[in-house]
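Step one of this worksheet: look at the structure below.
Chains here go by letter, A, B, C and D, matching the order in which they are written, and residues are numbered from 1 within each.
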């Protein structure tokens, strides 16, 4: 097990009375334990904790009046991932898929898998059906995209990325998810913190359902998957933005951190990685 | 209460071993009671009943070998909708929205509400915030689209519909849903049977969350909303196709029916309708 | 006749050996006379004058090595537009269209008129067929779009603009052109200088073929059409960018000016304008 | 030289008075000689011959009243292509491109080359700059697309094709053209007749400007390029549809033929072909 301290500070200038939803808290799963959590809102104000979507993502919900608003969040998170050997993980045949995985075969706003069937079959249809095929999708995504901040925007979907050949973490995840779904492999978007991410920021990656688990993948290769700390899951990035604002407010400053407190997260970021499952 | 007999026959020629999911069964809700249900698969074969997605849509799941496959389904459904007076139904302010409604503000594959904010505000931003605003969206959709079979396909989304100005029931629903979400009104797609639909077929319509209920709307005005029988709900049509096939099979024949057994469903299809809630 | 002084300074940092095409020179037409033209390239270097496309747009063409590159251009332009009375200008029936106007009915990269037939007919199909119909398209475009720098980019086309409801001058022109073509009115993009444009910059507007002339329109209403000075014409903005660079160079500074030397350009920018023809 | 007889019969049911433009006549070029041409319109009616666009495509233009309308066209065409050896044909550096080739670097309705720069550089940027690079683009297009009638429609562009991985001749040409332009190789669409095309129909292919000629390419590999008979050229298929109808008419029957009268067109349809130039 490794221990990671994650946190963020989000400073807003609120212009009109606004309703906020924050997807920033570390999730609790059998493999991810939240030890000590500090939340502070300034000016002091009440917030609700609510649970959204099919995955019950934990969200802070609050209302703010015009003026400054800051959310501080910090937690210590124990990561105890299940580690499997990739060669032993097959794809799950459709009849054996559990109910909760099936909706993650559907196309979504940023993962238009319905349009990518022919592409996915041509590029990946001949490969062995298992963990290695999803790894091949990540490899392809990594090799064919260029990571470039600002090259995409909030309306960019997987098909755009495939054409433009550049993007940021969410675009890498969207493309890989769409390709998985096009091959009938359930895949979902995960937002989180990431140890060793430079520059530090929230991160987006994904999970594919294989064997009888959700396995973590990060096509950007920016960080080791062992250092990914889950916030929430959804169909795509639309389901788990770090902040949703109904009203009018400007983000003035964003500080995100994720530091390893132990020394157990391997620094390899590619190659012969083990299969990691944390859901 | 009215009583409706709904049913379908779906005949397939299965080419390769295939896995089927059928979204065809009437849902049970406080306002919709399923009385007598008959299911037959030919050749005789076992099927599972499973429940998919955030809304636990009931689905038949089965595997088929090459050859013919037919699903017969029939049910008697009692409809006992809650009927409210439209002028008394306000929109729900974001802070008061229940957790389960919030994900239905997110954009989805066929409802790209993120791109429609300016359009929706310009056309509907000045209207009174309540049931009448969703009715105005339906009115606009009805007035501006032309119902034309074959004018759209399975990749057509709300933005395409807005440009092309034609579509079928799912396109009407997608556009209206996207416009609702763009105005911060939760909206979801509903698949179902529809009394008096000509020619008879499965139907697609939608619900918007207002006051503290989901209210039914059908921008096509093809049928009275009082005669809509719910099958399933989702982000958009991608979540509730009448059949999902993993494998290879051809639909040879489709017969869908929905007949009123009592005489209680009013035949008005527009105008001063009451607000109907069946979820 | 009015006299206008137009000019620009374009400063580049050339990174790799690069080939430049500049669409910046005032065109000579029966209604637009170029009196005194100064061109200077620094460091001093030869340039060719070439004439591109169906409209023989005059272009400066030169090669540059890494380092600084500046183009200075200035001209005095006499504007002597044909002025007609809008009510007397009909649309031209297709059989009467001259050969040179016909290609301007075709869809182009940023004017996807093929997708807008139903929209255009619904909004403008019932109007009188003449100058006033194009004026109505401009009015609609002006009323429904919001002028916002940075809201669109170089891949934004008319259909995007129709969805997003914002844009800059080129987007206004593209949408209006696409709508004209969808109604079988030939329309083409015009790049130019514009007296009284704030902040000063190159401008994009359009012409529609009516009666037996090309008439100028500017859906942005930012400036009087009488003060528009033509640079070049094309299918859309792709044909007349102020600079095309094959290689690698960064625009460091751009200064554009257009001043009236006489006092003959009326300052109305909308309403009961006369029909202006300068081609 | 080879001799080919080409022809078409186009039968329409004209519903409303309509204006027709037909792009069906064989072009005359230094390498393509039209020997004997027969044109018949039934019922007998006058038609104009006009010349459209930058390339002066020859077009029949006529008006029809409601009723039947048939156009018969037949010609004998001598093909005398310039044949070069591919290894000796370089790409033309931008400064050396002739004026008439430069507009064919611009993106067009169905060839969105502006979006494909990164893709084209990644796939083809490292290849030798010459005929062989365009051949590689054709090879890639042929290998990655599946020819399927009905898989695309009149609004499908190169980016769609790249995603969907299927199309018909015009889609193959559009994708290859867009990739050429993205690499700064002028490319244009050519419509024509094709010896040995099965089933017989009009065909779409393209030309790229290399060395100091336009060279013919056909990424579909359906027919030998030596048997291609040019009708017209344009930015993309929007410029050279076999028929443009302003009004309302239904195509009832279309017969297209192209037969070799000599035996000089080689039947190879791929591999080590010579470079053919017929413009």
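By our rule, a contact is a pair of C-beta atoms (placed from the backbone, for glycine too) under 8 Å apart; a residue touches a chain by one contact, two chains touch by 3 or more.
These figures come from a predicted structure and were not determined experimentally.
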{"item": "Given chain A and chain D, the chains that contact each of them", "value": "none"}
{"item": "Same or different contact residues where chain C meets its copy chain B, judged by the half mark", "value": "same"}
{"item": "Superposition rotation for chain B onto chain D, Cα-based, multiple of 5°", "value": "180"}
{"item": "Centre-of-Cα separation between chain C and chain A, whole angstrom", "value": "45"}
{"item": "Length of the line joining the C-alpha centres of chain B and chain C, rounded to whole Å", "value": "47"}
{"item": "Distance between chain centroids, defined by C-alpha means - chain C, chain D (Å)", "value": "30"}
{"item": "Chain A residues counted as touching two or more neighbouring chains", "value": "115"}
{"item": "Chain contact topology (line, ring, star, complete or other)", "value": "ring"}
{"item": "Pairs of chains in contact (touch as defined earlier), listed by label", "value": "A-B, A-D, B-C, C-D"}
{"item": "For the chain B and chain A complex, residues of the former touching the latter", "value": "19, 21, 50-54, 61, 63, 93-95, 99, 102-103, 106-109, 111-112, 114-115, 154-155, 184, 235, 238-239, 246"}
{"item": "Chain B residues within the chain C interface of the complex", "value": "115-116, 118-119, 122, 144, 146, 159, 162-166"}
